[in-house]
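Presented below are the structures under discussion, each in the form of structure tokens.
Each of the next two complexes has subunit A plus one other chain: subunit B in the first, subunit C in the second.
For the complex of A and B:
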């Protein structure tokens, strides 16, 4: 919530990466992810090269490794799932540390883990060097569906308002002696969630009225048209371009 | 009065019933001259908000008419009307929906086709008038409630409205923020209709008041006179706060 003036994923800075127009960075990350996903899982050294590439971007953007590591917690559920695959997988088996593991399962786990990790790191670097609202400006610029961009924009704006409302409801519940101990308390929480939904819906209607009052007619006015120079596109696309070269060499 | 003087706002015989059949307005008549600051007083449920929603065409009159600076509120004039009637909503979180203060103030004029340097100038000017220029690049949810309300006023000022309509401007403000807003409103050179049940605030800011009660205008006169009439106030569920006496002129 209201801590600091920046979103928690954003790391204020003034590096080359920070200054790149958002549409260039968005497209670069997207293209990089495609190259990574298209790389056969047996090409270990290609993945190592991709990791080095991201390391170089982090270095240029002055994003510390510890920062990236902490943000990677979001990947944990996928990691757990990936670790399960060799245990429950079928086919040829091998024994590692006294455990019988499936060989195709191990390959699948490695495939998921390597590609997801590279994708997550690339996204973290994008988020760390680009303010969320600026990412949306980039999305607008890349002609992503306007409705989706608007929905994301409102989510960004009202997230804190709704979280705050949720907190007030929790305080109100607990002030009257409510404690969530076990499953029997679920109906109470569910009703709170329902009330929160209704309140948010009503707020949505009021916001819409406020928008209409100021001349909204279905289109968000484009307030920031950040244009990118050829040089900026060049810098941003260097990442997927080098990755593509690595991919080409790996055949 | 000369008929050639165009009022900022004219409401004639306005009646409205909600789709569920509840009649909220029963024939409202009121006129506000250019440059006036008028308070619209009334208890909760008197139809104040319903009336406000008619002023910029969010609700359309069941019967009667609303005219803003000579332009009737109709479907084909909506765009122009919304440019001329600046509505400041009660909850600034409803009004400030853009990622930054600056973008929010720019929203209205940008919808009206203002672009580039002209847009920057309009935004800067509006923020300056409410003393919030230094917050231009901040997200609205990092501002205090009073600051957010001032930005909400700026979002509307940026559209250079004919009339500024404020719904409960003093609600949820601490005493200092309340005074600061009063100073800002007094400094604006624009027609104001202030909907409130904060009677001292009405007395402080508006020479003239209207009492809306039971869906009609029950009284119209100098604020000082209306608030001195204890019987009139009691009849319409209005009360001065404890210990408040109307100060001598």
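For the complex of A and C:
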């Protein structure tokens, strides 16, 4: 049960990117995303430059392209939506491949596709090169409230347990001939959800008692402090800095 | 419904981020009152539960399936403050680790799927339990039924203000509304049955049903019956209806203000389109095309400065309303 999402999300490695402190990487990715979103959509070559930047990071971190592509499946629903915009969009229309498409709609679709894809790739690279737990420690160093970080840590730690529990319930349902076809089957699923909630809540109570018996007083001890040197900040912030330079040059 | 990067312009993303941050800050304090030092493990486990439940697909109509948002469910099961926190953490984890939902759109996602669904769901739930005399399943059904289209509506309004695609707002509202009423029905059935299932086994766990239990009646062999007085529960739920209504009212006022403000300028555009076909491109260019262009000095005919002031005012109002709700609750408890 220790396996699961973490190993899917995190690609162990020992590159410069892997070794950077998490707070630097978090800030870099956030700043990069903001620069990308703020770039006007007419500047095609700026977006190409951003993509090249991310490609360089992936190369340095030795994250294979196939891995990134596989994880990008998460974006599919919005890609479909983006393809719909030119069809239902307003304004001046043009004909491409025999279809009447809206010109502002095409621009909007390009805008969403480009920015969403760049953002998704940046997030994937962050998750692939940093352990989830370490990302949260970095977030705490960036002044995210400690309580929020603790909640997120517990969620990460027990997510796989709860999801596995749900999977076992599904196996139990299906081995008894259950199949969800329409709304009439919803009560069965909902009762499973109710049972899952009770199990999660009671597990939470047990975890809390176990923590109390080990001396928990509302604060989590910090086992190893991670501070970043100026050089590490410099390396991490190179990504948004170059992006900002591209943005500035593309005027 | 996870919004990716680039879907909303930067100003809207930042404003929504401020609203989300204010809401989460208030809920951090509120959840400490609901759970004290149990907050971290309990909220963490409930967040993991919500994450798992969101993976449960249920068939909506022939061929399509939806999944739970879980905001109303979380609010009813563990209380509104903890509910918002759990939703926010789930969205944070999905955004940062699973790349589901953009980093710059995190504020928008938390505002729509965390704060709005929980506030609306909990508000309707409390109202119905008050009016219908403790019919928890019915209240859960109605609360979650309303919460999903409400979230879709807020998405549409935000899209209207700061969306980057030139789609007619009416079309967005119709599409989002139609789909989400259907999803809302599914969500409502699941939420109601889930809450009843938990009530049947561990009624003490359902936050929204606290204080609704019937008093214990002891019946003797001779036919006598004595009612045992309930011990006063320190963390009983009743009495918190008003602050939440006020919070919801504040939110509604802000939204209404924004809607009416923008509505006042849009009929002209629509009428012009109707009157003069040749004007249609110009009008739509003006209404939508300029919103994504930072070089323009105007946003939809409104100077950027004024729009900014309105945005800041809206943020302050929302934050004030939420803070007022939290303060009112503390007073009730004291």
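Note that in this section the second predicted complex is superposed on the first by the 239 of 251 C-alpha atoms of A that agree within 3 Å, B and C clash if a C-alpha of one lies under 4 Å from a C-alpha of the other, contacts with A are read in each partner's own complex, and residues count from 1 in each chain.
By our rule, a residue touches a chain if its C-beta (ideal position, glycine included) is under 8 Å from a C-beta of that chain, and two chains touch if they have at least 3 such contacts.
As the structure is a prediction and not an experimental result, all values here were calculated from the model.
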Joint occupancy of subunit A by subunit B and subunit C, clash or fit
fit
Would you check which partner chain A:133 touches, where first means subunit B only, second means subunit C only, and both and neither mean what they say?
first
I'd like to know which partner A:148 touches here: subunit B for first, subunit C for second, both or neither.
second
Which one hits more subunit A residues, subunit B or subunit C?
C
By the touch definition at the top of the document, which applies to A:207: first (subunit B), second (subunit C), both, or neither?
both
According to the stated criteria, A:74 is in contact with first (subunit B), second (subunit C), both, or neither; which is it?
second
When the two structures are overlaid on chain A, which partner does A:216 contact: first (subunit B), second (subunit C), both, or neither?
both
Going by the contact rule set out at the top, does A:157 touch subunit B (first), subunit C (second), both, or neither?
both
Please work out whether A:174 is in contact with subunit B alone, subunit C alone, both, or neither, and reply first, second, both or neither.
neither
Smallest separation in Å between any Cα of subunit B and any Cα of subunit C in the superposed model?
8
Residues on subunit A touched by both subunit B and subunit C 5, 153-154, 156-158, 161, 203, 207, 211, 216-217
Considering the complex alone, what residue numbers of subunit A touch subunit C?
5, 9, 29-30, 33-34, 36-38, 40-41, 71-72, 74-75, 78, 85, 88-92, 102, 104-105, 107-109, 111-116, 118-120, 122-124, 126-127, 132, 135, 145, 147-148, 150-159, 161-163, 165-166, 180-183, 185-187, 189-198, 200-201, 203-205, 207-208, 211, 216-218, 220
Interface residues, subunit A side, partner subunit B - complex:
2, 5, 133, 136, 153-154, 156-158, 160-161, 203, 206-207, 209-217, 221-224
Subunit B contacts subunit A in the complex at 53, 56, 58, 79, 82-83, 85, 87, 89, 91, 93-95, 97-100, 103, 106-108, 110-112, 119, 138-142, 155-156, 159
Which of the residues in subunit C end up touching subunit A in this complex?
4-7, 9-10, 13, 24-25, 28, 31-32, 37-49, 51-53, 55-60, 62, 77-78, 85-86, 88-90, 92-93, 95-100, 102-104, 164-168, 171, 186, 189-198, 201-202, 205, 280-281, 284-285, 288-289, 292-295
